[in-house]
Every structure is written in structure tokens, then in C-alpha cells.
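Here it is, the structure, as C-alpha cells.
Order of writing sets the labels: A, B, C and D. Residues in every chain begin at 1.
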Amino acid sequence: MLLVAELVHATIDSKRLTAEAARPDCGAIVLFLGTTRDHHDGRRVTRLSYEAYEPMALAALEKIEHAAVERFEVTSCRIVHRLGEVPLAEASVAVVVVATHRGPAFDACRFAMDELKRAVPIWKKEHFAEGGEGWVEGTKLGS
Amino acid sequence: MLLVAELVHATIDSKRLTAEAARPDCGAIVLFLGTTRDHHDGRRVTRLSYEAYEPMALAALEKIEHAAVERFEVTSCRIVHRLGEVPLAEASVAVVVVATHRGPAFDACRFAMDELKRAVPIWKKEHFAEGGEGWVEGTKLGS
Amino acid sequence: MTIIVLFFAQAREYAGMSSAVLELPEPSRVSDALAALGHAHPSLERLWPHLAIALDGQLVSPDTLIHAGAELALLPPVSGG
Amino acid sequence: MTIIVLFFAQAREYAGMSSAVLELPEPSRVSDALAALGHAHPSLERLWPHLAIALDGQLVSPDTLIHAGAELALLPPVSGG
């Protein structure tokens, strides 16, 4: 149960994630929360929403979790991404890494987020204060 | 209220810390939790306790928070350290960094923990399963 | 044969649908499916250079052969996080 | 003059107390205070090479002059986190 990617349609419970992650044989937990921002490229954003190709996104998230554990001296890596509308300043994604020591925990958490932005079929749409909406310019999968 | 170092004698509420840290103009929150471990140098540890020179420790923690914000492109850095007895697998320290982008948030959080280990008058004592206890070998302040 | 096509993000908006059944001759490759989709929804064609294509959840190249009942997904550039 | 001395961690255990009032002649330096403390608590002396000393919350060197009412803290190597 150490590697459990999740896609959720409600608030990400970061307290539950860190509580479930804590282990008596590990000294370091790094939690990254990506939170929704009220501006992008100078335009004011009022709402954000996410969609995913869920089965493929889950497989991609699990692959990242496993890669993080293989590449770095960490015990576990768990990723949760929220879908649907996410209110401003709430977490759209959480990555929790547990390790004996903090250096690898920071490295693995950063790696997981870099991979998540690059290799997971999830899309973010911004709704602008001035009207209109747009998909955030992204990265072609497999590139 | 962005830089508020705290010394606490009860459970560190990481959910409150991340909730208070979240800002609509920032996209990244990095939380580090240092958790107490059940072993050290091959010996089984059953209990841990911390003590501090509190006024000087608070000043040192605040100095680290300010240094993190000055050195890295981050909005805030907040450190909470627990004192007294800390049960195994619970957090003895939390560092929360908020930033527009995640790279500086990871860097600043790691910097704050490195500084905390080096420059804050806090001491950790381990109680061993085989009996006996010992202060964890540390770093001379000012070195 | 028929396959299922899934449209995501911009592809969903340009096509005006999130999924569809597509009838294809046998044998067909991914490029044949895209040509048929472009014919049905010309607005999709400006996305072609930017799309990744998945067949049954795996990224594939345009010359990959499609089997009956496959799930083909049109994946615009991703922006999770 | 009198000053307050605070003992932490190993220093507290070796001295058998967490704080004390120390009487010193005027003028006195930090090194004079340490000599008086080592005289009263010989077990503290093995800590000297490892200790940092704070005067009113600031790290100081042994030749720093002490004023009446100062707070002198004996700080063994730190291990927070």
C-alpha cells in the first residue's frame, strides 16, 4: 500500500497523506502541494478545472511513483491529483515522499513533479476574469 | 504574519500550517516533516525528547526564515519545532515554504532544514531499548 | 470493424464530443483513423501536429495497426500539476 | 556582580542543575565565568572544547566582558530537527 496513485474530485486531504506516510523507521517526509493560482501570464484567473484520461493517467502516476523509489533512496512516493473544478489557492496535486534522510526525499519529490508535468494525460483549463477561458499550454506526451 | 517561528509542546498540526500558508498568488507549497526514528547507528530507540534555549532558538529560527526568503524566490518560510517528548514516527519539526514556482520552494525548504540542524540551540536525546540514553552528537554552534 | 475514440481537452472541444464509435475498414492504421476523424471534424486538423495518440492506453505512432474494439485517445499537450 | 547561568543538555546533566546565580568579581570575562563554573563543577570541564557560549542570547568568545545581570548560557553541540 505504499504506492497508491489517486485521482480525486474533492479536496486533497494532505493531513491524511502525511499521517499515512509516516513510518517509525523513516525520518523525513516531504509533501509538495501544487495550488491553483489567481494569475497566469499577466491575466487574472477566477477558476481552474482539470480533466484526465483517467486509466492512463493513473498508470502514468504509478510509473512515476515506482521510478522515484527506484532512482532515489526513498521508501515511498505517493501522488494524488484532483480533477474537475479546483477553487483558487486549493491543492490540485499532492506528492508525498518518505525516506530515511531528507536529501533523497527532496530530490524524489522534485523528480516526481517534473515527471508529472511531462508524462501524465491531465489537462488544466483556466477561466479568466476578463472573460474567456483557455487550456494551459502544455507538453506533448512522449516528447 | 508570514514569518512566525514556533516552539510547541504538542503535536505539530501540519494541516493548519499548509492551510495558513496557501495563497491565491502562489502555486507551490513544500512541507518538510522531520519525524522521529526508531533506530540510530544500529541501536533501537524507544523514545525521543528535545530541549531548547527557547528565546535564542526562536530568534535563530526567525533568522533562518528571513534568510530563506532573501536567498530564494519564495514568498514565505515558516518553521515549527516540537519540544519535550515526541512519540516515534511523529513530527519533531515542520518547515513550510510557499512560492510562485516549485523549484525555489524545494531549494528554500532544504536550506532551512540544513540551517536548522547547524544553527539553532535545540538538543535531541534518544532513549534506547537496551537501556540508557544519549544526546545525539551534534554541531558546535557558530562553527 | 469499429473502435472507440476518446477526445480530451481541446480535441473534445473541437470535435464537440468526448467519445464516439468509429467505423474503419480492416486493416487500418492509426493514421487511417486520424484521416477519418479529420474528415468528420475538420477543426481537429490544426491539432494534429500537437497531439499524442494512445491505443488502449499506450502511446503509439501513426503507422500502428488498429484491432477491432480498440480504444483510441486523442491527447493534446498535457498540463497537469 | 552576579550573573545568571543557564545549563543545557549535557551541561545541565553534568552540572546537575538547569540554572544558577554566579557571583563574579568586576570586571570579569566569559573565560573567568567558565573557570569559576569548572571549579564548582569539575565534570563540566570535559565539555569546554565542544561548548558554544551565549551572553544574553548572542554567541560570544571567551574574552568578552560580562556585565552585571547578564545571562550566560552553556550550549553543547546542537542536534535539532
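Keep this in mind: contacts are C-beta pairs under 8 Å (C-beta built on N, C-alpha and C of every residue); 3 or more make two chains touch, one makes a residue touch a chain.
Just so it is clear, the model here is predicted, and its values are computed rather than measured.
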Which chains contact both subunit A and subunit D? B
Farthest chain from subunit B, going by mean C-alpha coordinates, please. C
Mean-CA-position distance for subunit C and subunit A (Å): 26
Chain centre separation in whole Å, for subunit C relative to subunit B (CA means): 50
Would you mind pulling out the distance in Å between where the CA atoms of subunit C average out and where those of subunit D do? 75
Enumerate the residues of subunit B that touch no fewer than two other chains. 34, 113
Could you list the positions in subunit D whose residues touch two or more of the other chains? none
For this structure, give each pair of chains that are touching. A-B, A-C, B-D
Taking the complex as given, what residues does subunit D use to touch subunit B? 6, 8-10, 50-52, 54, 57, 59, 73, 75-81
Under the definition above, what is the set of subunit A residues touching subunit C in their complex? 34, 50-53, 55-57, 59, 81, 92-93, 113, 116-125, 135-143
In the complex of these two chains, what residues of subunit A are touching subunit B? 14-15, 18, 22-39, 88-91, 100, 102-103, 105-106, 109-110, 113
